[in-house]
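Across the two complexes that follow, chain A remains constant while its partner is chain B and subsequently chain C.
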Partner chain A sequence: MSDDPVWRRIAWRNLGRHRGRTLITASALAFGYLAAVLMVGLMDGMNAELIENGTGLMVGQVQVHAADYLPERNMHRTIGGYEGIDLAGFLRRLESDPDIVAAAPRLYGGGLVSSGDQTLGGVLFGVDVRREGEVTTLLSTLREGRAPRAGAFEVAMGSEMARQLDVKVGDQVVLVAAAADGSMGNDLFTLAGVFSTGTPALDASHVLVPLPDLQYLLAMDPGRVHEVALTTTRPWDTPVIAASVERSLSAFGPPLRVRPWTELRPELAESVELMGSMNWVIIVIVFAMAIFGVANTMIIGTFERRKEFAVVRALGTTPLGVGKTVVYEGIFLGVLALAAGAVVTGPVLVWWHNRPPDLSGIVGGFAWSGSMWRPILRVEYSWDTPIVAAVALFVTSVLAAVYPAWKATRVPPADALAD
Partner chain B sequence: MVHTPAHGTLLFRRLAAASLLVFLSPAADASGQSAREILDRVDQLLRGRSSRGHVEMEITTEHWSRTLAMDVWSLGTDHSLVRVTAPAREEGMATLKAGREVWNYLPRVDRTIKVPPSLMMGSWMGSHFTNDDLVKESRVIDDYEFEIPFEGIRDGEEVWEFLLTPKPEAPVVWGHVEEQVRKRDLMPTWVRYFDEDGTLVRTLRFSDFRVMGGRLVPATMTVIPADKPAESTVLRYHELAFDIDVDEGFFSLRNLRGGRE
Partner chain C sequence: MNDTISTPPAVRTEDLWKVYPQEPEPVEAVKSLDLIVEPGDFVAMAGPSGSGKTTVLNLLGGLTRPTRGRIWIDGEEVSDMRDRDLARLRLERIGFVFQAYNLLPVLTALENAEFTLLLRGTPAEERHRRVMDLFREMGLDGLEDRRPGRLSGGQQQRVAVARAVAGDPALVLADEPTANLDTATSAALLDVMERLNRERGTTFVFSTHDPRVMERARRLIHLVDGEIESDVRRDAGAVAP
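Presenting the complex of A and B:
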């Protein structure tokens, strides 16, 4: 083993003998590295887009409900039971958790929205307008008008619903809903704003009503809400945070359930998981392609040096020593390629992350797993992908050297020299 | 709507007719009477060309219970009008059925609203009836095949028990329907609605048989949802008159608004 430095030096010199070839081979590996990291980054970007649009628009990262509210969404199952809660105190308590950034209370009702001759069924979505903006992006999708003001009997609705009802900002609409006391709540509201989320189901069915006004319409006390949506400091850790919030609320009284988005949108979580496994496929394919290219080059390289190997063998070098030279060549090639790859990939990632190509002009977006995907080629950074890809690159270059190295050890000195 | 008030009398008639049309089945012929004869007779008993009534509807749910009082008018199977008279919060609320269209009037906001077709399966006035129960016309003979799996004495009363199975193409939400009718006076006593898995969904009971408006009718009808046996909707007729003097003009949007322009 004490001979190793010699083999290393020989290997390094061998790389230098055919600089052009070394450069091309290393470039191929470096490009493979760039491709793998970038493609995985794009997949992650697509995932982030799906998660953000799937949860950021309305779901939020974590939701608190009365334990028996889901899945029936019975309007009577409010947080804290029939009595409701001290809402302000409850929100303060949630926000005092260091993992929680913001909390937004919600109330849901089903009802009719009517204007003139047109009547549609809709979801009446009661929100605290200020707080909702801190948890979801729904209010930022207002295309016309402004957010409704509490106490003024104003609403905002989706663009498709407004189109079907043939109403515009400033028009009056009638909301009719089955109230909690069994009566038929009905009132006139003014359309203050129209939102367009790009998610057809939302735009055609949701009416945003300030929380106190919806509570009045549904004959419910101000302390009654169905849901509190939370934004956390660590979106990727929502299952852990949800569990800890649920524990901290266990002494609250009526049982509560705290669910992360992965549980609220399981189909979305599954999509994300599926895409995660695709990352491995990408890495394997990219480097499987690279491995043959590198192996090919190295086989040619060793074949050219048959006579050389024969000479060193004849001078008393062990087959192992010859093999080591070739493997070291692979290792050095890998290191070179990795250094080049990292130097090139870093800036490309940063640039792409900050200036994602927007293909909206070429292709439309589509909805997948109930989440909207905009045709913007976002790239997300991650820590594990560059490392995994680096290991893959390194393993590739070493593996690609193994077969040529084995061939080199098998060069019979006498025969090769006799050729 | 989530709770379209629909026509009590119409509902009553529809259910009554549903219970009677079964006599068209060959099995009923076996009882010695022609199905059409029985049908005509009972139709005369339970259906007038037009009707007017005063109804009380008591709804009991897990979360609340309440009683509504309403006046109801009907003409044929196509026209009906319901106007709530109590409690005060809902007084003046009204529902008009004209053909396949259903309109509601909301006095609080002074607006009429047409109930969209998508909400026809919604609850009627928060009760255990659906809008569709009230609006759908009696198409029992078109929609069902009939059998009489039981004919004999139940609780000391001679009855038929009918099994109604929807025809394959019939626009019916039920898997099958069972119905008991007393032979003595052709009064229905109960109807049970089953889903496609054969699970009981709801039971409709008729009781308080008495003469109103010159006819023997079940003055009380109770709906019990099978999954919530503690809940119910009870419909009680306090007044009922048949063959009154109304025409189609009465069932207008103007009249829906209680005569207000």
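Presenting the complex of A and C:
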């Protein structure tokens, strides 16, 4: 029969011998748990912000194109080819997918934007204003004026472009672009709004044009669009959803490609992955620091009990039995710390998630990987981080006990009894 | 032809040495000790401090390794045993009583006394019965649930003796068991050990400074500088070396 129950009993009661010491050690581990979960939560929050801003501003979570549109972005490679598609029907079909929340068609053109003596090259971004608002946040960044109306030959442009052209809301600008039929399309547009995304490249280059007006300028039929951006029910699962949508569109006719944001913004995906790997570094650092503190405390405790170890050896305990009691102490300490850590971490995490400290009054935001990051210390929580941190805490407390346990097995009984 | 099977000695040593490698000179704590203790004996080892009494007990109990020589316990040679086998031998055949009681402070009196039975995996009911019988014999009933810190010195030492004999060992090694006890408590403890020796046949080997223990021992060995100076059997005179 195993003698483990004896060692478990002794280990458990030993924790109660020096309650203050046990409390401090368990608190250190519990704090380590809190710190690891919070720091990983902050990194996840930063990731979520980067993804939301990086995809939410213009890219969208998923994009549908003609199979040969990217990477050249040839203006003739519209969805459905030269004939275009029944756009309303296509959008309905996409939105009938239970994973798709909204779909927004887009058309791109390259051209010149002029006002007075000033001319700048820019990207003409044709959108369905109502639908675009359901897929991206670009229109919510309008700082002056309003969104342009379809059929009124109105545009909105980035604040930096407006500054360089020296135009304000209500002024007129001329758009000149190579049309699909080989002619040069040009027309007069009224500046209805100025947006400021915080991403300088975007603010200096993009002109937002209502879709029908840009189709008219580029001599394209109403059924011709380059892209349909989608919002999904599961932003973190976009690769799976994109593959599913692509499969469902395989019978559509001309070949289509459906890409998740991770393919469309690989640099952002890599940043997110890099920051994700930082989570492991955080957990390792936090618990590596904790392991030395716990081991130190346990070594002291082991040294104080040299005589007791010698006594139990004299009574017939094997060195392994002596080691077991120290390891069990580590295990119980880990369980106590984990319970305390979980009790404290849960409410702190929920509170922090709902009321993230906003440091924008102290520091400004910055762009990273083409995405804006606001100085809001947002914490995201997931099911896996607390579990990984719990396993790390438990492993820490057991590993911290291994060396003291080994020391305990090496206590020479006769010498320790003579102390 | 003699067809009786002879019982091996409870303890036998042959040319037993223990030398501690110290500077400037090694200390010879035990020198060429030849000793035989018969089963059921009640032996006291006396001698001044540093005479090697505790070292001999530690050697007999396998708590320290001899520098040279051989030891048999209950007929089994233990000199070269592995730690694991020595632990098993102590658990099954040897009981220890220490001068400072050395009860485990986190266990109750009952749990301390049944410690070796717990290690052996003795069923709870039998464990409890055996220890409670001992507690009644030793006047410890009612103290089962007390931790050592709430027991007097005499009570603690009686629990220690109960712990040593609960597993019915062939040999009990007691290192100055009465050194920390007053006269009356010492006498009571000796009564208990004598009775256990008489009724259970347990062999007792003590180290002691205490003249009262020496008086009650059936065999008295005097150690000086790690060597036997005298070995007197009280009921039959000197023991031949």
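Throughout what follows, the second predicted complex is superposed on the first by the 417 of 419 C-alpha atoms of A that agree within 3 Å, B and C clash if a C-alpha of one lies under 4 Å from a C-alpha of the other, contacts with A are read in each partner's own complex, and residues count from 1 in each chain.
In the analysis below, a contact is a pair of C-beta atoms (placed from the backbone, for glycine too) under 8 Å apart; a residue touches a chain by one contact, two chains touch by 3 or more.
On a predicted model such as this, the values are computed, not experimentally measured, just so you know.
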item	value
Superposition on chain A - do chain B and chain C clash or fit	fit
Which superposed partner A:Arg17 touches (first chain B, second chain C, both, neither)	second
Which superposed partner A:Ala400 touches (first chain B, second chain C, both, neither)	neither
Which of chain B and chain C A:Val6 touches, first, second, both or neither	second
Chain B versus chain C as contact partner of A:Leu315, first or second or both or neither	second
Partner chain(s) touched by A:Pro412 [first = chain B, second = chain C, both, neither]	second
In the superposition, chain B vs chain C on chain A residues touched	C
First, second, both or neither for A:Gly182, with chain B first and chain C second	first
First (chain B), second (chain C), both or neither touched by A:Leu57	neither
After fitting on chain A: smallest Cα gap, chain B-chain C, Å	79
Complex contacts: residues of chain C adjacent to chain A	54-55, 58, 61, 63-64, 83-84, 87-92, 94, 96, 98, 102, 104-107, 111, 115-116, 118-119, 121, 163
List of chain A residues in touch with chain B within their complex	76, 110-112, 114, 117, 119-121, 174, 176-178, 180-184, 186-188
Chain B to chain A touching residues, read off their complex	1-3, 59, 61-66, 89-90, 93, 104, 106, 108-109, 111, 113-116, 118-119, 122-123, 125-126
Complex contacts: residues of chain A adjacent to chain C	1-3, 5-6, 9-10, 13-14, 16-17, 307-308, 310-319, 321, 412-415, 417-418
